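In the two complexes below, chain A is the common chain; its partner is chain B in one and chain C in the other.
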Partner chain A sequence: MRHAAKTHASAPARPRGSRLRTNGLGPLGAAIRVVLLLLLAVFFGLPLLWLLLAPTKTNTQLTDWMPLAFGSFARVGEAWKNLTDFSDGVVLRWGLNSIFYTFGSLLLGLAVTLPAGYGLATLRFAGRRTLIWLTLITMIIPSSALVLPLFLELSYVRLANTPWSVILPAAFFPFGVYLAYIYYATSLPNDLLAAARIDGCNEWQLFTNIGLPLSRALLGLLTFVSFTANWNNYFLPYVMLNNSRLFNLPVGLQVLMTGTSALRPTFATDLPIRRAEVALAGLLLVVPVALVFLYSQRFVVSGALTGATKE
Partner chain B sequence: MHPPRCSRVAAASSTVLISFGMLLAACGTAPITSSTSATASSGEAAATSAIANDAAPITVWVDATREAAVKLYQEAHPDVADKIIIEIADRAQFPAKVLLFNNTGSGWPDVVFAEPEVVVQVADASRNFPADLTPYVSKEILDQFAPGSNAPCTFDGKLFCLRNDLAQVVLWYNKPLMDQFGYTVPTTWEEYTALGEQVAQDHPGYVIGAFGDGQALNTYYWAGQCPVNQLQDANTVKINLADAKCVRVTQMVDKLIANGSISKLGPFDPAFAELANDDKLLMLPAASWYGEYVFGGKPDSSYYKEAKGQLSVAAPLKWQADDKAYTGAQGGAAWTMSRHTQNPKLAADLIVWLTTANEYQGTAPTLPAYLPAADTWSKTVSSNPVYASDPFPVLKASSGLIDPQWANVRFAKDATFTSVVIGALTEGQTVESALPEFQTQLTALAEAAGYQVVNQ
Partner chain C sequence: MVKTVAAARPRARGRARIQAGHLFVLPYALLLLAFGIGPGIYAFCLSFATFAEGRPQFFQAGLANYVTAYTDFRFAGVFRNVALFLLISLPVGVIGVVVIALLLHMREGSFGTAMRTIYFLPGAVAGPTAVLLAIFVFDPNISPFQSLLQAMGYEVVSDVIRPRSLPLLFTLLGFFAGAGGWIAIFYGALNSISQEVLEAATMDGCNAWQSAWFIKLPLIRPYVAYMLILTFAGNVQLFAEPQLIAAAGAAPIPQPWSPNQLGYEFAFGLGNFGASAAISLLMLLIGLAGALLVLRATTIFRVDAAEA
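Take a look at the complex of A and B:
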């Protein structure tokens, strides 16, 4: 740290009012950097912009017009009506299901993950090391590999094709347990816990009065990671659910795309679900993740650095 | 300072319990495995031991387009309407889902809308899903389906599905353009070849066909009776792309692709649609539903944005050496019933109604396979001003010309054709040069699917 501070202090002072931060690259290097960043922004931004503009156009306009041309807001309304008219408004139902499954799994997952990570980090008990290893091992098993045994298990207890068949397995979050363990093991001072114990706190009080309030960054990171994974969860609900009224948005959109001519021109149908409607449905899927990210990004950054340094 | 022993024990126990619970949730356990094998074997018994129950509800898997059809049945049959549960499903998932249901011994849908090539997949030994509809469909009804239309649904003499609609390949052409150029509509593939050569010479840039995606296999090789997938029996398939009936097709398409009269684009490629928009598409052998859903004549149609009486249709082309014209198909689906259904009476009645009733088939999107309903359906196409003349007589007459030797098999011939043959074309090679590799890959796929492959 001292070395870093010294280096920083000896760096030449940047002229006030300079608008282009060269960071020692020189004008040419800075220009190259700006051009590269702009190119990357265009490369990654253009598809998003196209997706945003797609619902403003008709199917014909999407192929005949310039890719980034704007159609009309009226067309967005029409696409929304077509989408919500599809199968008696089942798309809205899929959206509500997505919210229910996502927050159900999120809350249940956090309720399990945080105490488990806290317990592994602060308590010493027989089998603790084994549990940590098991957590690590389950972290590296692809979740899709577990879907079939999960289906058999939940069918056995007659929970398949119910919301629980999506919420319960999705609440299994070994990455969260490990992250919570690392966070509490590195960020929670032992002396603080010892002082609280002297003051008469039991383990539950220690967790709720000290562990939880000091883990806002961890909570933010876990919330974002869990929300994103559960919101985009496709394979688990695809296997578990057969009742189309129970689908979440990713599974429902698959049905929407394969059962219409939107992306399958060989599908002869009069249903007014075209590419613009599918693009609008795609936006419905993306926007909540973007909003949650905007809200939790500062937690994501600070939480992601958990355990990166040891003071 | 250590926490009190009781607290440590409690916290440790809760941690262990939570983690163990999660592990249990993640892993299959011994009883489940045994249950799996038990239910798999009970699935076998279900075919013969299922007790019919006329009061049992049935679940129907349909796409969104056919949802309205089942609702029409409910309206027409209010006494059983509440016994029918409609589920919107992606039928591509159907074979995989049946395997899951076979593992758990429950969950099968009772009626499913799917293409015969999907039905053949769920009829294999591992899935064993469909019931034989023969006892539920009278001969009088079966006889009124288009000739051969239920052949793809018939496996080992059992009727595993009933055809909903047909998508036979016919010859669509731009009548004003043909008249303007003074061309005669071909009736044989030889005349089609000659026309292609003349168009390439006199009107370069105009096209008479598309060979850019998997549909080309169904359009040209199916019509040529090429043995790509001819079943000899349930587990023996003839694949011989060196057969004279394949060679004649290959020589024709290579010649016309080389002179540009057959486009290397697929019919749904935007650049190909632009050819049609620009009136450069002289004719196109394509499915019966192209008239309404691809040529269209509506502002959002792919080919013709305006209806100006420019579209005509001719009968499928015949090879001179053949006794009659045979054609291929691009689509056409069917209804199948589960052998696990507890209410076969209602399930079968629904299937028969959906395939034959004018209330639905008379207004269905595509050509009904049941000919009396097709007559009612004819009004929906005859009124479209995009047609130069009523296309229905040709569509009806050609509905029985689909070559029945082209079988639904348990391997992906279309996808393999696209990757091998169309891929080779894209790289500048000829169709002929790609066929040996296509033969090799098809043979390997067929053998992997349990077929014995013969070439004679």
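Take a look at the complex of A and C:
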């Protein structure tokens, strides 16, 4: 981890004159490259920009105006009011649930993950290799493959339809254990640990006095991965939760999409949940993650996040 | 058991360290057992169970649940659907990501960085939000790509979202939300290619395109294999997109469309948990096969980081 960050940091420090990669591109090649990359920027960027502008317009303005026209901020306030009035303010409740589940899984996950990664990296014990293999396997299997079996299991022990059925499975964070394991194995000075052991530190003291204080970069990385995965967690709570007061925002957004006529323009109802309101609810989910992304993109480029994009 | 004091000390210390290691990993091992391995084992048991009085009677059903699930009239259809989806999404995804990463990597600078950030941001869009955005973007009346859709002769959203076009639409949706993360990973891999190798190629007369094709691409091949396997394993599990597009009523599409939807339908629509377990076990085995393939065929993950 640390050396990966270092190689990344050293990249911009290369002298400006030696831009060897650019050699042999030629003016035509450079132009083709720029045009292609700009077209791609339209593909990736335009839908997000549209979503950001959608709550500023009324339903009629959305169809009649230019797609990227800006309506008014007053209209955003109106959409916000309609959204929070929906079903006695249940949207705010979903938002609070989302925060509770996300940070519950994050904190519990970190409390379990950091000692496990540390133990795997610095100690030798029976079953260690088996545990590493099981960690690798479970981190690569798509989490959606486990959702139905998890539901069957948790309904057998009568935990389904409780907040725990969402928080506990998401606190199981094998990718985090793998990252912590690699981090501690490559960045902890072994001599320091040995010296502290001779001075009479026990293993737990080593972890809290040496391991944890050196974990800042690791903590940032794990928080980023866990937050983005859990904030958007949909399939698991959708299957586990039955009581709409327990839903998180993604499942709540699904209720807005499927339980109202917002996306069925032919069904006219008095309920003021229309495209703009649903788009605003979608933004509540997208914007926090997008901000975290902007801040943490360097983790991904440093190569530290290999394996983070499993679906 | 212990003969002398002198011999006892190192042994006792060795044993203490073993215990410490176990204590460090114990909470994690419990979670792994409960939420990583347990569900698979339980689904296995359940797939042979019958249900009397609402509680499972384990190993009473023989293969009946498998017969029910795998001979269901929708079984072949849902697998044909995802097979078609994989046939389009795998090549589009892998080739698209590799080409974009190589294009970006040809020249350093703020333009490339800005583009990379724009490609990366849609990764924040997932699950229901992605479907919501898709319903908007595929609607010729409001889409930001309105003029393009109208030029292609589409008038309403159900012209675009049709059963036959679903594999392509899910591919576009997956690429929109997922490509940026992969591009960043490939870009990181390209950055780790040694500068000397690229300099040598340039001196030997490689232009930018040739060095991308002959030097960089072969060096990032392990990542291509890794992405292929993970994308395959992930895309097979498709659930939210067909489920939500149908439920939102934006366009009529046949249900269930994907295997996971069929498993869900068995559990929640028909109350047949045994057949649901038989299907989800099959999906789990596909995921497991993908995981073992990644660990066996690529060198991306290390088991022995500490020894290295």
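Quick notes
Going forward, the second predicted complex is superposed on the first by the 245 of 311 C-alpha atoms of A that agree within 3 Å, B and C clash if a C-alpha of one lies under 4 Å from a C-alpha of the other, contacts with A are read in each partner's own complex, and residues count from 1 in each chain.
Convention: contacts are C-beta pairs under 8 Å (C-beta built on N, C-alpha and C of every residue); 3 or more make two chains touch, one makes a residue touch a chain.
Because the structure is a prediction, the values reported are computed rather than measured.
After overlaying the two complexes on the shared chain, residue contacts for A:T60 are found with chain B alone; chain C is out of touch.
Looking at the superposed arrangement, the partner reaching more residues of chain A, out of chain B and chain C, is C. In the superposition on chain A, A:L271 makes contact with chain B only, while chain C stays out of contact range. Touch criterion met: A:N161 reaches chain B, while chain C stays clear of it.
Touch criterion met: A:L263 reaches chain C, while chain B stays clear of it. Of the two partner chains, chain C is the only one that A:A290 touches; chain B does not reach it. By the document's definition of touching, of the two partners only chain B reaches A:I198; chain C does not. With the contact threshold set out at the top, residues 63, 112, 115-116, 119-120, 123-128, 131, 134-135, 138, 141, 146, 148-153, 156, 168-169, 172, 174, 177, 202-203, 238-239, 254, 258 of chain A are in contact with chain B in one structure and with chain C in the other. Contact residues on chain A toward chain C in their complex (touch as defined above): 7-8, 11, 14, 19-26, 29-30, 33-34, 36-38, 40-41, 43-51, 54, 62-63, 67-68, 111-113, 115-116, 118-129, 131-138, 140-142, 144-146, 148-153, 156, 168-169, 171-172, 174, 177-178, 181-182, 185-186, 202-204, 207, 228, 232-235, 238-239, 250-251, 253-254, 257-258, 263-264, 267, 275, 278-279, 282, 285-287, 289-290, 293-294, 297, 300-303, 305-311. In the complex of the two chains, the chain C residues touching chain A come out as 17-25, 27-29, 31-32, 34-40, 42-43, 46, 56, 100, 103-108, 111-112, 115-129, 131-133, 135-137, 141-146, 176, 178-182, 184-185, 187-189, 191-192, 195, 198-199, 202, 206-211, 223, 226, 230, 233-237, 239-240, 244, 247-250, 260, 263-264, 267, 273, 276-277, 279-281, 283-284, 286-288, 290-292, 294-295, 300-303, 305-306, 308.
On the chain B side of its complex with chain A, the touching residues are 1, 3-4, 7-12, 14-16, 18-19, 22-23, 25-29, 31-33, 35-36, 59, 63-65, 67, 87-93, 97, 100, 103-104, 106-107, 109, 167, 215, 268, 270, 273, 289, 292-294, 299-300, 302, 305, 330-331, 365-366. The residues of chain A lying in touch with chain B in their complex are 58-60, 63, 86-87, 90, 112, 115-116, 119-120, 123-128, 131, 134-135, 138, 141, 146, 148-153, 155-156, 160-161, 168-169, 172, 174, 177, 194, 197-198, 202-203, 238-239, 242-244, 254-256, 258-261, 265-266, 268-271, 273-274.
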